[in-house]
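Across the two complexes that follow, chain A remains constant while its partner is chain B and subsequently chain C.
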Partner chain A sequence: MKRTTRSWRDREDLRGLALISPTVLYALALLLVPVAMVILYSFWKQSFMTIDHTFRLSNYEAAFTQPIYRALFLRSLWISLTVSLVTVVMAYPVAWYISFHGGRNKNLWLFVITVPFLTSYLLRVMAWKVVLGHNGVVNSALMWLGLIHQPIEALLYTANSVVITLVHSWVAFAILPIFVSMEKIDRSLVEAGRDLGDSAFRSFRRIVLPLSLPGVISAFVIVMIPTIGDYVTPTLVGGRDGMMIANIIQTNFGQAQNWPMGAALSVSAMVLVSLAAGIMVLLLRLLVNGVRR
Partner chain B sequence: MRRLARIRLLPVYLCGFIFFLYFPILLLPLFSFNSGATVAFPLRGFTLNWYAQLLQNATMIDAAMNSLTVGLAVSLVTTTLAISASRAITRYRFPGKRPATGLIMAPLFLPEIIVAVAMLLILLQIGIQLSLGTVVLGQIIFCLPYAMSVLIAGFEGFDRSLEEASLDLGETSFGTFRRVTLPVVAPAILSSFLLCFTVSFDEFLLAFFLSGTRTTLPVYIWGQLRFASKLPEVMALGSLMMLLSITLLTIAEIARRRAEKRVTAQGGPHA
Partner chain C sequence: MPDRPMIEIAGVSRNFGTFRALDDINLTIAEGQFFSLLGPSGCGKTTLLRLLAGLDVPSAGTIRIDGEDCTEIRANARPTNMVFQSYAIFPHLNVAENVGYGLKRLRLGRAEEDRRVAEALEMVRLPDFGRRKGNELSGGQRQRVALARALVMRPKVLLLDEPLSALDKKLREEMQIELRSLQQSVGITFVLVTHDQYEALALSDRIAVMFAGRVAQVAEPMEIYQHPATRQVADFLGGMNFLSARIAGETGETLTVETDRLGTAVLRKPAGFTASGNRATVGIRPERLRVLWDDETAPHMLTGRIASRAYFGETTSLAVAIEGLDAPLSIVETNDYGADELKIGAEIRLAYDPEALVLVSDPAA
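Up next is the complex of A and B:
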């Protein structure tokens, strides 16, 4: 009897592995190996048309000491941090409303909110160019209202226009994890708290907020990490003051033909943003624990 | 009283939020019908010229055909890969499940530029010529997480006793999959297919890095953005693309909901 159970178990293992292996092999070949290759390249050096394969750290030294790279890293980190904070703050009430007051239309709400996220990213960024541009919507509206007499030039091609556009791109995506964590909250806890005399705010602070924290944290991370490497937004609406690290990574892989440098910049960006996200997650945890008391 | 006020404030915020989300997008169709040569206010008048010009644009039509081919190939391969992987994850226990899932879902959590340069690096390293084929290879990685999330939801909650009954009655395991499992999850599969197509059709960065000389629609648009005079025509193209995306996503959502209903309806006494 024991033997049959085991052999059944073994077959279960094998079946699962067999089913998942094509996809995993594909991801290994076209994701993990390429990323490992980038890491390898970052320790090599470009000398004219050939690559010097001896291990060295000179690319990283350049990435962290040259002023242009340092400025771009700092700005990229700052922008991705701001975008993820704003995004989470904007998304939270929406997720709360859908989860607690969505009633039967929860799915419809989620659909309405995610549709823009899934339509062309390039076109949405382009649309912001129209909103913020010289004769754009904001300027035209302000002039029509008589609040200004000349178009404000500073709306477009700044770090701020990059932040606004990125928030618009990612906010819908941030709602989903927060919503999911709120759906898991046992509603009877909230009711019990209210019955025992908690105010609405107090029950929110002591029950809903701490229990939705995992969702807030994953929303924060899934916005922050991809935004640091955004290429389209800074290129289209960033101008010179809104350039980000992806622009210089692209240059190194393109015109400049310095792959090892581009690789080192990519790896540094990943490491830096992971560190920054980690610190923010810790801070967020501390903050919520503080509020809870 | 205070509670009432708070509950009224939130719908107002929600309306503002939806406005923020949709307003920039609605500018595309607005300017695609505007007869002014520049994309700026005030609006001039109504015209269908930009659409007419677009339909005579051979380069655009070529790019559209490329996007269509790439989109179909990507959604077909991705959905097939995702069906077997999500089936494995929801149905079987096996070692290494978590890292395997993590690897497949990783593109959601990586800056896209890094995925793009990594793929470019490996393809050029092996000596593969960049083409639409390499775009397909890359976009499959990018679409897998979307397909997986739809299909895992589709396979979850699927009543296993249906399959067991079919096996007990003498159906082979492949026959069971084809005749019992597949019909129940078919809407989820359709939903995954449409979602992948939409994502691929709109995807820019990987196509930009991996397409070589052939262009897809987003890459074509990127090239046109430098010319201010081309902008209204691009707006018309953008509006059409948005319309297609929204239509496909709506069908995908309807399919997904039908899948959900089917799963709950057949979920046995516990559902």
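Up next is the complex of A and C:
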């Protein structure tokens, strides 16, 4: 039998495109279109109940000059950087332990790490209210031990409580990419390092650390990008001092009824987080390149 | 060369759970020797090499290197360096950084470090490769970088874990020659782990053949090939025809045996040989049997029929059924004459030399 025309089913590349097209269309419809709309809105202006559709930059001007917005941007950036740093620092040893000393129980360890995800995100954040509150677990315990005589108020409704809660929410997402990059390290490389005279710590610093860097960078970015725009955690445990940029964006789209301003703040936050993530990736690379020598 | 011992392995065992990977190993390796640990996979040869490197600790016994007890000393403090089977080239470093990896700790200064790296790369004939990344190298080049990285440390002992097994045949043969001449020029004691008997025979000053965690025989290549101590060693190093024989007489060092078809011979006893009853196993290598063509004759002849043949270009392997023998004899015939006449079913005459018969210990006999 001879076939002169080949059905599209036979073409590897077309078949691939067909397979991914539902995802691509979905992403286009639900990501690209809304983002494009937000960008459009950010150049318009709210005038009482209607929207003035002439192109202007006044929203961006406000976003970068008004002290309230600047303060919230800086705080969001600061909180997300702190959260990413603390999360990665806490996740790294766990990932290292599972990868290098997990032995037969690696899968069990990974399962244990994902157990908290069996409860909802909201519930986990709410739990921190119980832990950090006025009559919460931490305060009660410290009082009972006699270490303090009145509850520490600074635990809840501050930037600190936001950081603590976010670190807890994201640490598993940081452990996994670091673990995966460590699993890919050929163990004979570490042995070769030892054979060439390295102490255990030195071979870690010169081999494991630089080779697990891709995982560290992904972990950092995975944590940093969503936390900068996190809305739930600062709403629930942040109070006034823990408010972040997402809260004011919500206010603009909500009570304030100023969609163009909210849109401009959203776009600014996106640009800022991309820049910040890019800079962090470069800095981490430089840092580890310096360390391995 | 003075035979000063460089490595002394005494009563070394290594258990993994209930599995005994090494069982009471005793070996002495002389300074400057090219020593091979030869055996099938799972015989414990790599485990032993890792114990020498300090990457693993024996369950029992001691290891002395250059007179110093190294049993408890870890890899980073031993005067040994290793070429790993996977080569373990650091992927985030370039060739020069790979080779200079171990020198950094010695704080030699930049100039001396660079000089030694260049010298080592020169030695493995990769002088202009310093700036290449590890993943831009071919298999043979990676192997040379791994060699240079170990040799640059000027170890007392260089350990090689199947270094040539990942290379294709032609490259492997080239590297064998190079490895041998490199060892002779640097004069360092080499310990090579291999499952390839030809590699071990071609490269080594001495070979230890290992089976199931034990050393079966230690000898020079020619001795080990011509006088294998046990049936297992004989079988692992090339083919061997085994024949059952009757013991007709015994002195301290020799045994007189009568074979069914290959006559009577006085044979040297291998080390540790003990006769069980009046039967013994003798062997003859396939290449020591020769086809007799036309009206050629020989003092010792056999007649048989070709049962199977395999043509290898320069040689032909035959299995020849001989009346009165249980199993056909394997023979390897050089194809210098008459290869087309070696057809299955053809009747041929074989010549052999009774001196080619060897006596082997055979626990099964």
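Simple rule for what comes next: the second predicted complex is superposed on the first by the 281 of 293 C-alpha atoms of A that agree within 3 Å, B and C clash if a C-alpha of one lies under 4 Å from a C-alpha of the other, contacts with A are read in each partner's own complex, and residues count from 1 in each chain.
Please note the rule applied: contacts are C-beta pairs under 8 Å (C-beta built on N, C-alpha and C of every residue); 3 or more make two chains touch, one makes a residue touch a chain.
Note that the structure is predicted; figures quoted are calculated from it, not measured.
In the superposition on chain A, A:52 contacts neither chain B nor chain C. Between chain B and chain C, more residues of chain A are touched by B. In the overlay built on the shared chain, the residue A:153 is in contact with neither chain B nor chain C. Of the two partner chains placed by the overlay, only chain C lies in contact with A:211; chain B stays clear of it. In the overlay built on the shared chain, the residue A:194 is in contact with chain C alone; chain B does not reach it.
Touch criterion met: A:31 reaches chain B, while chain C stays clear of it. In the superposed pair of complexes, A:136 makes contact with chain B only, with no contact to chain C. Contact with chain B, but none with chain C, is seen for A:23 once the two complexes are overlaid on the shared chain. Of the two partner chains placed around the shared chain by superposition, chain B is the only one that A:120 touches, whereas chain C remains out of contact.
In the complex of the two chains, the chain C residues touching chain A come out as 53-55, 74-77, 80-82, 84-86, 88, 90-93, 101-102, 104-106, 149-150, 153. Taken in their complex, chain A has these residues touching chain C: 186, 188-189, 191-199, 202, 206-207, 210-211, 292-293.
Every residue of chain A that touches chain B in the complex is listed here, in rising order: 12-20, 22-24, 26-28, 30-35, 37-38, 41, 90, 93-94, 96-97, 101, 107, 111-113, 115-116, 118-124, 126-128, 130-131, 133-137, 140, 168, 171-172, 200, 221-222, 225-232, 236, 246, 249-250, 253, 259, 262-263, 266, 269-270, 273.
For chain B in complex with chain A, the touching residues are 3, 6-7, 10-11, 13-14, 17-18, 20-25, 27-28, 31, 38-42, 81-82, 84-85, 87-89, 91-97, 100, 103-104, 106-115, 117-122, 125, 137-138, 140-141, 144, 195, 198-199, 202, 204-205, 209, 218, 221-222, 225, 234, 238, 241-242, 245-246, 249, 253, 257.
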